[in-house]
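By written order: A, B, C and D. Residues from 1 in each chain.
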Amino acid sequence: MTPYGPVAIYLAVALVASLAFCILPGLLARKKPNPVKSEAYECGVEPTSDVSGRFPVRFYLIAMLFVVFDVEAASFYPWAVQMHALKLFGLIEMVTFVVVLAIGYAYVWKRGGFQWR
Amino acid sequence: MGIEGQYPLLFLIWLAPFAGAIVIWALGPKLKSWSGPIGCAAIGVSFVATLASWADAVRSGPAGATTVVGAHQTMVTWIKGFALGLLWDPLTLVWTLIITGVGFLIHFYSMGYMHGDRGYPRFFAYMNFFVFAMLTLVLADNFVVLLVGWGLVGLASFFLIGFWFERPSAVAAATKAFVMNVVGDVGILFAIFILVAVVGSVSFADAFAGVQAHAYNGQLLFIACAALFVGCAAKSAQVPLHSWLPDAMEGPTPVSALIHAATMVTAGVYLIARCWPMWQGSADARELVGVIGGLTALLGAILGIGQWDIKRILAYSTMSQIGYMIMGVGVGAYDGGVLHFFTHAFFKAQLFLTAGIVIHALHNEQDVRRMGGLRAREPFAFWSMLVATLSICGFPPLAGFFSKDAVVYETLVKGHPVLYAIGVLTAGITAYYMFRMVFITFFGTYRGEIDPSSLGIRHPELAGTSAGLLKHPHDEAAPHEEHAPAWLMTAPVAVLFVGTIFAGFLDLGGTNSFWYGLLQPVFGATIAPVEGAAPFSELASSALVFIVVLAGIGLAYLRYGSTAALRDSVARLRNESIRMFPLLTNAFYFDAAIDALFVRPSRAFGTFFGVVVDPLVIDGAVREARVSALWLGHLFRSFQTGLVRAYALTIVFGAAAFIVYYAVVGAH
Amino acid sequence: MSVALANYIALSAVIFMIGAAGVVLRRNPLVMLMAIELMWNAANLAFVAYARASMNNAGHIFAFLVITVAAAEAAIGLAIVVIVFRRAEFVDVDEVSVLKG
Amino acid sequence: MLAQPFPLSDYAAILPLTIVATTPLMILLLDLILPKGAPRRDAAVAVGIAGLLLAAYVLVRQYLAHQFAPAFGFGFILGGFSIAFSLIVVAAAIFSLLMVLPQRDDEKVGPSCALMLWSAAGAMLMAGAGDLMTIFLGLEILSLALYCLCGMVLRASPVRLREARESALKYLILSSMASGFMLYGMALLFGATGSVNLAALQAIPAGNPVFAMGCGLFMIGVAFKLGLVPFHVWMPDVFEGAPLPVTAFMSVVTKAGMLAVFARFLYGVLGTDHQALIVPVWIVAGLSMLVGNLAALSQIDMKRLLAYSGIAQLGYIVAALAGTSTLGMRYALFYLGAYTFMNLGAFAVVALISRDQEEDSHLSAFSGLGTRHPLLAAAMAFFLLSLAGLPPTAGFIGKILILASTVAAGYQWLAWLLIAGTAISVYVYIKIVRAMYVPVDLAHIREIRPLSYAPWIAVAVCAVATIALGIYPAALHDVLPRIR
């Protein structure tokens, strides 16, 4: 079996699965359409705008901050693995790292980076 | 070059004028009329020190492979391999003698001439600074300090030409002179770059040693010489960079004397004489310099014919005489060229100072048409002017005779018959226009009271220089203020008589003359006389020149000096000024030509040269920068589209080129 | 039984090219940023592949470093895109060309 | 007990770097504590400058103590080399901070200063970087901070805002793309040698294709950051759009940092036996000398003009390294120092004649400056003459040295390109000088505004240094040889 066997299998499975989830509902579901059903689900209110509207800028800001802090948090991982080997040294290093992050966090917070409006 | 050692006197020579300038500049308002004597004293000290250290300059060291003459003191190692110092050899000595000696006389004279002027202290500060700048130039042992001095001289001339800054014309003239000088400075800058690129040093010695070692491959030596000569042409008012010189007459007369006789315009001659080994190395360079010099001599003389302003006449005569010097050093007659500088300094200073006396006596009348008959009124001025004029015409046995004939004859010896012909012809024209001036000014009757228009002076305020009828500031201030004692102005002129008459005798006696003995150690065999190189002897040549000069004088006499001419001089002058050959009055349209050749194109694309003469640039109207923007610039602007993706594409292309190259290199 | 190193490198090279092309061809700054991320991660892939080939952890660490830096870079990029196109109807870098010449 | 893999001396080695990197934290905290307005603004700048001065002091101490050693397993190499570059970076940062002060924009000053210092820290890291990882880290710290700085304009006209943000976007996209190239190059270098350590890269024999390609991509990154043609396209736009202090900062710090990396790579890795792998850089350097000056010809915005002239200037500096001679390294450093002073001086002058809210760097702001502010004009004239390479200024002697070294190294053609470039540049700069000095009718001249003091310090220091180095360069030049 070639080295690419696993890859090929993986691809095949992924393809099949995803296609299946797209197609099966259409096949299995029983169809009894009526005008009320085919309305957009808006709690009885007529749809005002299309769903794919533009997000407020705030959303992006929060998203960015999330990305930053989230990914930086990933830096804990290697330390966590080697924690016992690194002993106190590693701990100090990590604490410094956290402090730096914390200052940035505090700044963002104080400047109102997290308020929605 | 020069025997290494400690020479404190050199610093005295060099810095005394600087100290004077600083003192006067700092304490000027307090010093008042004392600033004049202090200025003179500064130059005087410098002059005495020069005489005192004469021996150092001529002492020749151990006769090794190269003849070492004079003194050399290293001041400071600029950086490794670049040492700056002072050089003190016969060549420098000659220049320093003139700069400080004649400079002193001019300073002394100024005490009388500038008496009562508002800017009296300022004037002497500038003058001292000017002398200091020129000394920096001639004392340098390397191109860098030389260039600094070169630039300072331009700056000082800017101050002095624009000294009466309330005259727009003065400011314009000053700016023009400065701009043209900047061209020269940049020329020298590039020469330095080339020298560094070739011999890796900026000192004269190494640059010249490089010539012996044939370090300059191909046309490099010529290019270096040409770049240097751009500087010379700008400073020494050689064609086509001469047009600032006549305008420079806007400055006070002593300034003109200083610029023309002692400093500035002779710097070009000095540089070529100093760099003679380079010129010896490149025949093309010699050809170039000789021809330009000859052209300038001829052109200056011709233009001299058409002038009415006494100072402009003298200005063009300077241009022409400097042409002689440049021609001399160009063809390789270094001693002749330098000698002509030496003698010229005396009679030109005398001419200007005498003209100053006349102008002063007539309350700043500069138009010769409104003079006349001054022989009786100003006898001293008359005799002084006459002798100096004879000297400049090369009338034996006056100083000018020896030097001019030396130059002219050498051109023949070095095998340039055309230049020889030009030299002889120019001598004749010189005699003509100089005596024209003398006759119009000193003979006949005084025409000062006559209505200008009847003399053909269309625009009195534009006659000669636009300064023509402008009042001297201190006359405006106090019309009937008594002048300074006359001897202040006459004494220096009287001293100059000596040089004007006898300076030439130094060259008497061929190879065992004092002059040859002085300069031989510098120029070595290049100035040794060659027998039989010329079709006829020097005596014959002198005779020929003499005849031509007499012819010129005679012609001038017939037109202006004869009794017939003097009788209806007014009508004649009127005719002449109306019928004046337009080419002459417009100085051969040279400014117009420069405008057409360089300024206009420079708007289309900025060749550096054009740019420097570019009015848009000169008047500093950067708000019109768009207009003067150059097509090359536009070309590159067009690449900068402002589209990120275009930039990214450019980078990707560059990257692709890199990748291909490295793939190829990596492959083998 | 393992994939040859050369193949990994070839793959990463292809991804890198795609990324570069994306930067040049796409007009949407967000997509351009993604394309750049693609280039960086192509490098990551190469790093990891080489690290695995030469059993040298430096590559892994480098890749890790790159990921964190890329995150910060993405955040800043997003911020800048947001402030530039705050009032724009649709985001198109070709609209952003005040500075030129 | 404290089991630490690195000895304390390693931490001592990066002490200046640590100082510069932690000062911003203090600035941010102060920014939170202090009341709005002048105190907050001044405090930020003051603390920043204090930190930088401290770092400079430590650097000098290190230099005099000769404690030159690799730290963190060749991750960071402390030496005269890194110290010289770090000092240049610190100096540039100080001058830039001085230019920040006159901006009334107190909300942004704190963060700006912090980011500027972090950026400087990145450059200092690059100056001492001993392996690819630290190089990349330093480069990104430098760049990320700058992306933000470029866009940081508040309370300005919509046009200014638009320009600033546009410059940020362009810088971000193009620069990270270039980083991508460099990163991939690093990956290949790592692959070729199995190590990220420059010292280890040295061992590679010439003609290893992977290594060669790695060098190529690495050099693309270098050329981009140095702004060498054709990788210079980002510079004019970014420089024009960014706030003036940031532009000034970028014009020196990014260059210094990347130049250090390039030089270390050149001397440490390629040495003299890989000449073929470096030729393209000499070529792009030569191109930069010409294109930079030619494009500067028709510029009427001072920042943009200085951007183009900077392209050319960097060309000169890189040319000094041609032939990888120790002399060349020394001269490149000398010229970089001179460039720091003359360029930042020019920027400081622009900052001084700018209006409060937004700087107007249009050339017309200079016409008649000689009559309005004689001293300022004189200083500016000296900076421009120095950039043009006229005596008696540092630029002149710097050019002469570079000429000497390139020719000595046998790169005649670079010398000629340099001379040609200078010929063009003289026009560019002299034009401005004349604009300042030629008398103009006072009607056109804008009213004389009182000048804020801070940039004056920068102008004064730079002017003195520019002239001093021109008249007596030995002062600096004699220190440089000790650099290893």
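Please note the rule applied: a contact is a pair of C-beta atoms (placed from the backbone, for glycine too) under 8 Å apart; a residue touches a chain by one contact, two chains touch by 3 or more.
Source: prediction; values computed, not measured.
A.B. asks: Decide which interface, A-D or B-D, involves more C-beta pairs in contact, and give its chain pair.
C.D. replies: Most contacts of the two pairs: B-D.
A.B. asks: Measure off the straight-line distance from the CA centroid of subunit A to the CA centroid of subunit B, and report it in whole Å.
C.D. replies: Spacing between the chain centres: roughly 82 Å.
A.B. asks: I'd like the Å distance between the centres of subunit B and subunit D, where a centre is the mean of that chain's Cα atoms.
C.D. replies: Each chain's C-alpha centroid was found; their separation is 44 Å.
A.B. asks: Between subunit A and subunit D, tell me the centre distance in angstrom, where each centre is the average of that chain's C-alpha atoms.
C.D. replies: Measuring from centre to centre gives 40 Å for this pair.
A.B. asks: Provide the C-alpha centroid distance between subunit B and subunit C, rounded to the nearest whole angstrom.
C.D. replies: 67
A.B. asks: If I count partner chains per residue in subunit D, which residues reach a count of at least 2?
C.D. replies: If we look for residues of subunit D contacting two or more partner chains, we find 169-170, 173, 177, 181, 236-237, 299.
A.B. asks: Can you pull out the residues of subunit B that are in contact with at least two other chains?
C.D. replies: 637, 640, 642, 644, 648, 655
A.B. asks: Check each residue of subunit C and list the ones that touch at least two other chains.
C.D. replies: Only 20, 23, 32, 61, 72, 76, 79, 93, 96-101 qualify.
A.B. asks: Work through the pairs of chains, note which ones touch, and then classify the graph as line, ring, star, complete or other.
C.D. replies: Topology of touching chains reads as other, fitting no named class.
A.B. asks: Over in the complex, which subunit B residues touch subunit C? Could you list them?
C.D. replies: Residue positions touching the partner: 637, 640-645, 648-649, 652, 655.
A.B. asks: Where on subunit B does subunit D make contact in their complex?
C.D. replies: Going through subunit B, the ones touching subunit D are 76-82, 144, 147-148, 151, 171, 175, 182, 185-186, 189-190, 192-194, 196-198, 200, 202, 606, 608, 611-612, 617-623, 625-626, 629-630, 632-637, 639-640, 642, 644, 646-648, 650-651, 653-655, 657-659, 661-663, 665-668.
A.B. asks: Looking at the complex, which residues from subunit A come into contact with subunit D?
C.D. replies: Subunit A reaches subunit D through residues 86-89, 100, 103-104, 106-107, 110.
A.B. asks: Which residues of subunit C touch subunit A in the complex?
C.D. replies: Of all residues in subunit C, those touching subunit A are 1-4, 61, 64, 67-68, 71-72, 74-76, 78-79, 82, 86.
A.B. asks: Would you pull the subunit D residues touching subunit C in the complex into a rising list?
C.D. replies: 132-133, 136-137, 140, 144, 147-148, 151, 159, 162-163, 165-170, 172-173, 176-177, 179-181, 183-184, 186-188, 190-191, 194-196, 236-237, 240-241, 299, 304
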